[in-house]
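Both complexes shown next keep subunit A, but they swap its partner, so subunit B is in the first and subunit C is in the second.
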Partner chain A sequence: MTAGADRRFRLAIGTATVLALAAIWGVGSAGQWIAPIYFPPPGEVWTAFVQVAVQGYADGMLHQHFLHSCLLVLYGFVAAVAVGVPLGMLMGWSRRAEAILNPAFLLLRPIPPLAWIPLAIVWLGLGDAAKVLVIWFAAFVPSVINSYAGVRSIEPHLLEAARSLGIPRAMLLREVLFPGALPLVFTGLRLSLQACWTTLVAGELIGAITGLGHLLYQGGLDIYPAMILVGMVAVALAGGLMTALLTLLEARAMPWRGR
Partner chain B sequence: MHDRLSRRSFIALSALGLGGFFALWALLAASALVPKLFLPSPVAVAERFAELTQQPFVGYTLQQHLLSSFGRFGAGFALAALIGVPLGLAMGWFRWLDGVVSPLFDALRFVAPIAWVPFAALWFGTGIGGPILIIFSGAFPPCVINAYRGAKYVEPRFVEAAQTLGASHWRMITEVLLPASVPSIVAGLRISAGLGWQSLVGAELIVASSGVGYLMVKGQSNISTATVMSGMVAIGIVGFAIDLLLRSLEARIHRKRGR
Partner chain C sequence: MFDRVTRTFERDGQPVPALAEMSFTVREREFVAIVGPSGCGKTTCMRMAAGLEFPTSGSVTVGGRGVTGPGPERAVVFQQFALFPWKTVYENIEFGLRGKGIARGERAERIARQLELMGLRDYGSAYPHQLSGGMQQRVAIARSYVLDPGVLLMDEPFGALDAQTRVVMQEELVKLSRVNPRTVLFITHSVEEAVYLADRVVVMSPRPGRMREVVDVATVRAAEDWDRHERIEDVMDQQSFVRLRTRIWRLLREQQATATEQP
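Entry: the complex of A and B
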């Protein structure tokens, strides 16, 4: 089968599946086969969406929760990248730096980001600072590892060639090391962005004033399945949106990698 | 790389780095800069860790907490592997199944595992079922993706040979696709164990009444930083051990296949 026909086949069967599931959901809810306490009927989800978007729910309107969560992820992520990428590149470049920094890093690495949440709460309380700290941890480790691997993946010939041409240090960094490490750096960023969202949602479920996790928490507390579903869709959309932005940034940062 | 180091000075510098890390920690703890309540010294954490293995905290000793965490983890991870791997293989073989499942799978993948917490609690309660669903949602995607990739990129020659010999779909999956994709599957299991362990920690922080995550939450609400840190150490050690185990399994399979 040709590639075009294959794509059409997949598209058709995928659309059919989604439509069939939507039909099962609608009919099942209308016929009461799906208990509304466990899974909300479509109408209720719409009502919940309108309610949180217009009147607000869990101390805020939908866009406020959405923006708040996105901003926290952005702060933690950017701070982690700003520290992690140079550190990882330094460790990849200098054996001395690697020898000194790696042991401490190896000790901290197996601790999952989520496990920092209680400590962050003890240190900083339930406010935004604790969440940014935990998100920072979630993004920091992958940033360091992948920047390190990125510098290590550069062809030694390239470095030798650059050096034999007598390139100054700053230029070597800008023209060889940084672009060479970039593909793997972006792989790390993508991984860490997902970890950031997981961490943020966990942090907000444990305690927050606004944010999508808080919306989920309140929905669970009130046993309001429709609102829980709205919250989950919002979390997925926010995560997908930021990943899409990162992909755009990746294409801009590496124009030589035409796709 | 840039600067060459002898093996001996590398080890010496590593020891220096490790010592420096603990020295800095101890110094910060001993100074009046950070209150003792928030940053206990390394020795205090080690003492607390030993104490937790002897005396029960919030009902159980550390080993018992670990055991109940591990039970949940094992159940969720086993479920993810038992459903995910066959599903992935079948998706790699039957194109219609790929078309049916892929759109749903891609949509669900963007939902952070922790965002399932409210539904998990609603559907399965907070005892054992809820946390298992959360671990499952973290561990499931890598199982599916890697089995799928393994089956999809199997040598076409093998597939053709088996087809010429008149192998049925079932024999095709069990005798051609499964053996050929074992390395990819094991790599997926390793990723999925890591994500599952992380999700477990999150689940226990939010919904559970035993387990290491629960121990940390209680430590946090008692503002016993040493307890929280002991929990982090225990989680790190177990996570590291799981990874090591699967790594050696992976290496063994690669050796057996002469790669």
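Entry: the complex of A and C
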């Protein structure tokens, strides 16, 4: 089978599975085999979607919740990456930097990001700043680790070749170290982004005025499973969208990896 | 030039001698090949000339000056090509010139000449992974030649290529070094390759590596006029070639026998 035919086959199978699940959902709900209190029928979910999109729910319209969550993730993510990637690369490049920074980092690393929530609230209150801080912690650790590993993964003979060519230090950092580390840096960004969304939802569940986590929380309080489902799908979409953007950026940043 | 160079490594806290009292000189514009069994320290020799490693005792000098580190006047061609995957062929060749601070116009001129010479003219914008192994090593050689280095150091540059490609590359290297003779230190474990390419062959004994003998090839090559043959198999067919090859083989075999006799 050719690669193209194989891909088409996989796509067909995958679509069939999703359609089958949707059919089970529709038929099961219509036939009352699935209790609506546990899992709402498609019509109810649609009604909930229209309600939150048009009239609003949990103190905001769907797009407000959506945008608010995306912004918080973006702030935390960008701030974490801006600090984490250079720090990780520095640790990968310089033994001295590694000796100084690594012990502190090892101490920080095993703390689950969610464990920072109480402290973040004490420091910054219940507002957005505390959530951004927690998201920052969640994204920081994978950024550092993978940037560090990225620099270390560069084949030693490439560095030797650069030194033999007489490449000055600044050029070596910019044109050998950085692009050499990039594949693993992006792996780190991907993991960071996932961690951001997990943390955001948890943070907003605990206390928020707007945001998708808040929408989920309100849906839980109101025992409104259809709305909870809308919230879950929205979180998945937002996360998927950001990951897709990252993938696009990755292809742009590493044109030499073209398929 | 190597003067009584000794190099010891440490393994599990134990000193392991790699090279013992190695002395030899590569003359200006001379092509010297080092042959020896694996682990005889021939790559260590090259790395010390490159300034990537340093002798435990003795000295390595190039042009009268001690080697203190790597530099573009001693360009290295590695067995694993060591091309930068994120740079195009052109950018790979350009990299060292930019490191030297050579102006764009001159860079373009020198790179164009080098691409032409190595048969890479249409591949400037390709990335290394799009090229075959032979083409990749051409790029690596072009990247060294373009710097116009005083000394070229080649560490089994054709070792990772398939047999047919290797032969083509060997023939091209011979042509290249007849057109434009350089001071070359060439590491190989292939006796044929050494005799075919080099002016003199340094034969080494196994660990700790020592120089066994230096075999003169240039005199025989000139006397028998090997260069009138285009193809490597015609040169290798010459009685004089076979005799040299056999002599080096015997040297390598003898020392192997003495090495196994030792407890």
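Keep this in mind: the second predicted complex is superposed on the first by the 243 of 259 C-alpha atoms of A that agree within 3 Å, B and C clash if a C-alpha of one lies under 4 Å from a C-alpha of the other, contacts with A are read in each partner's own complex, and residues count from 1 in each chain.
As a convention for this text, contacts are C-beta pairs under 8 Å (C-beta built on N, C-alpha and C of every residue); 3 or more make two chains touch, one makes a residue touch a chain.
All of these numbers come straight from a predicted model, not from anything done at the bench.
A.B. asks: Consider subunit A as the common anchor and indicate whether subunit B and subunit C clash or fit when overlaid.
C.D. replies: The answer is fit.
A.B. asks: Once the shared chain is lined up, is A:180 touching subunit B (first), subunit C (second), both, or neither of them?
C.D. replies: Once the two structures are laid over each other on A, A:180 reaches subunit C alone.
A.B. asks: Please indicate which partner A:38 is in contact with in the superposed arrangement: first for subunit B, second for subunit C, both, or neither.
C.D. replies: first
A.B. asks: Where does A:110 make contact in the superposed view: on subunit B (first), on subunit C (second), on both, or on neither?
C.D. replies: Only subunit B; A:110 stays clear of subunit C.
A.B. asks: Is it subunit B or subunit C that touches the larger share of residues in subunit A?
C.D. replies: The partner making contact with more of subunit A's residues is B.
A.B. asks: Counting only touches as set out at the top, which of subunit B and subunit C does A:256 meet: first, second, both, neither?
C.D. replies: In the superposed model, A:256 contacts subunit C only, not subunit B.
A.B. asks: To make sure I follow: the centres are taken over C-alpha atoms, the vertex is subunit A, the ends are subunit B and subunit C. What is that angle to the nearest 10 degrees?
C.D. replies: Nearest-10 rounding gives 90 degrees.
A.B. asks: In the overlay, answer first, second, both or neither for which of subunit B and subunit C A:122 touches.
C.D. replies: A:122 sits against subunit B, while subunit C stays out of touch.
A.B. asks: What does the superposition give for the shortest Cα distance from subunit B to subunit C, in Å?
C.D. replies: 12
A.B. asks: Within their complex, state which residues of subunit A touch subunit C.
C.D. replies: 155, 157-158, 160-168, 171, 175-176, 179-180, 182, 254, 256, 258
A.B. asks: For subunit A, which residues count as touching subunit B in their complex?
C.D. replies: Residues in contact with subunit B: 6, 9-10, 12-14, 17-18, 21, 37-38, 92-96, 99-104, 107, 110-119, 121-123, 152, 194, 197-198, 201-202, 205-206, 213, 216-217, 219-220, 223, 225, 228, 231-232, 235-237, 239-240, 243.
A.B. asks: In their complex, what parts of subunit C are in touch with subunit A?
C.D. replies: Within the complex, subunit C contacts subunit A at residues 50-52, 69-72, 74-76, 78, 80, 82-88, 95-96, 98-100, 127, 129, 143, 147.
A.B. asks: Taking the complex as given, what residues does subunit B use to touch subunit A?
C.D. replies: The touching residues are 1-5, 9-11, 13-18, 20-21, 38, 95-96, 98-104, 107, 110-119, 121-123, 197-199, 201-202, 205-206, 213, 216-217, 219-220, 223, 225, 228-229, 231-232, 235-237, 239-240, 243.
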